[in-house]
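Have a look at the structure that comes next, please.
A, B and C are the chain letters, set down in written order, and residue numbers restart from 1 in every chain.
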């Protein structure tokens, strides 16, 4: 198991190096990628800052807590853009062009090859911006923020990323099972959009869907709860449990989908 | 099925968010409007007239990059007309197919929906599609000059998304930013038709939108023509 | 010692396809009433391939070549039957099996598009757990033999198709596979690039322990490289033997081409089935060996000849005749 993990990390490091070489061929693109994401961050900031001009609190969260929420959202988004986004965007196309066949013949995990081969190194700048925003917003919390708690970022962000990865992979894997799966991409982002808002804004039915069924609601809301509320003792275990179990379930689903793909031919 | 399900899903997401938001704020009104008005506003999402089809845009850039544009350049109709025709057709069919769904949702949940304003809203939607297409065409034509235009295209779409009011009703923005943004032609992509259809604004603001649409349409049309002509002249026939 | 590396026993693959008619009404009808049919991509096949053989797998489009290739490389499951490749069941895809095989697809890039092949090879070194310095030395040697050293460090997208294919070939050979699946390696290449790749395979791989399954629509690839010919038609192996034996299967015919000095003044009847019309300026027919001498004697004695050629049928002609015959036999069986 340790040897497999070591191989995976080694491979990921090689992906990073090659992706950096590829990205540096088009430096103009790096600047644009950064700009695009900053624009997207600005949209979220404008939305909530404008809303808080008209209201004082949203489900007990004031503007300070909401800024922390946005910081977590930006940071998770930045890392998923670096590690997975490009691969998931071209996932269906690759399946349609039978490029998975070539990956199935490599003596390494086809799941890793399909989902994280091409990294987008330009978004590292966005990760720096996102982390800065997060730390700044934590410093503005009304009850203060002991800085030792910022180490929790090292736990909650990977857990959130893992949930993002699992949920996105499950939706993308439908491309292995049905001919035209592009609308699953749109459907996923519909759910993901719901996860980009605090989960306590939604009614119980929707919360059930976005926290348990397609747990996109955990990607940003739960890490925020862990960070802003030291008295909350259940958010972190819940986040870690869902992250681990979904990662396991996703791996099983991937293997089953590949077997179906090989059966259908 | 995706053409029907996806826009309805977009609406449901916004509906869930805005009703939850207003409830969680503890007030019945947000910016002077109740949750019903926000639902009525976001009904326009289902028509999909205000948004560009991202896959379609990427396809056009890919055609220039890989040389598939060669075949289209040899056809008796122009590249602009070819793609415009495709897009308008897709938008109109989607919008017409969605009308019964919108009407049903508005009736079932008693949402503010002025059906008699639909013809004018459709007209604005079509004019906006033409304007947006011209801008998109100009940006996509930059694929003649640059290797990778996708990021530039994404930037353009991101900015437009903020300016149309699809993210949130523009009247929630602070003054004077609100007035400046509503004055731009992009507000005709979502805010003005959606607000007019739901009764959030009246005919005077709606008609002012046509003026900015006309100015924007001419400007982007000229830009598209200019960039395209220069691009074709420069074109090296990649993949021919 | 000729040990068997690939063995199949009643290996079969069927697909369930839905039958769809053209037209809008038919498309709408298809939403509610679906008809499916079973397509036999590969009928029960028994095959043994020994180590070091180069097997040319040919056939018309849809004959089952790719299906057989995919089954042997482990990309799809069979409907029935078994196969062992290097002692493994290919579709279980154990890593130790995957490290010993390689697949080259003529129409697909496996290397990264935006970076030089040299950098992509580093990825393959990691994937196959290869020794870095030894492998890079091996890359240099292969590139020298393929005459593409000068483009090793150029981004793949800037290379010509021939150069790209050479890089792909190097990538396939880095981990020294025991079995190489080459699916149309020379497709779309110019004559020079095709010759380079053929020569490379001939000089570097033929006669070694590497077993090669080669599919190609270019008969020159097969004629030059293949030790053994597997001809597939409609999901079954129609011929299994050497190229020379295959050539001797077809009746011996030769093509006689004669150009006349002046147009023929009147119709010349050579036989009840063979006439040269009045005004003809040339004669071009395939004739059996027995007919050839007689026709040649009549033409040269009666008509002033400007130019004369006698051509032997080449491998491609023989293949075409064989496949056409197979196709008409298949149609006749289906009608009956």
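Quick notes on this structure:
Here is the rule we use: a contact is a pair of C-beta atoms (placed from the backbone, for glycine too) under 8 Å apart; a residue touches a chain by one contact, two chains touch by 3 or more.
For clarity, every value in this text was computed on a predicted model and none was experimentally measured.
Counted by C-beta pairs in contact, the busier of A-C and A-B is A-B.
Put simply, the chain closest to the centre of the protein, by Cα centroids, is A. Put simply, the chain farthest from chain A by mean CA position is C. With centres set at the average Cα position, the gap from chain B to chain C is 51 Å. For the pair chain A and chain C, the distance between mean C-alpha positions equals 46 Å. Centres computed as Cα averages put chain A at a distance of 27 Å from chain B. Across the assembly, chain A contributes 26 as residues in contact with two or more other chains. Against chain B, in their complex, chain A makes its touches with residues 26, 28-29, 32-33, 35-36, 39-40, 42-43, 46-47, 50-51, 53-59, 182-183, 186-187, 190, 193-194, 197, 200-203, 206. In the complex of the two chains, the chain A residues touching chain C come out as 7, 10-11, 14-15, 17-18, 21-22, 25-26, 97-99, 101-102, 104-108, 259, 262-263, 265. Within the complex, the chain B residues that touch chain A are 1-2, 5-6, 9-10, 12-13, 16-17, 20-21, 23-27, 30-31, 55, 146-148, 151-152, 154-155, 158-159, 161-162, 167-168, 172-174.
Chain C contributes residues 13, 15, 41, 67, 70, 73-77, 91, 93, 95-96, 98-99, 101-103, 105, 108, 110, 112, 114-115, 119-120, 122-123, 126-129, 155 to its touches with chain A in the complex.
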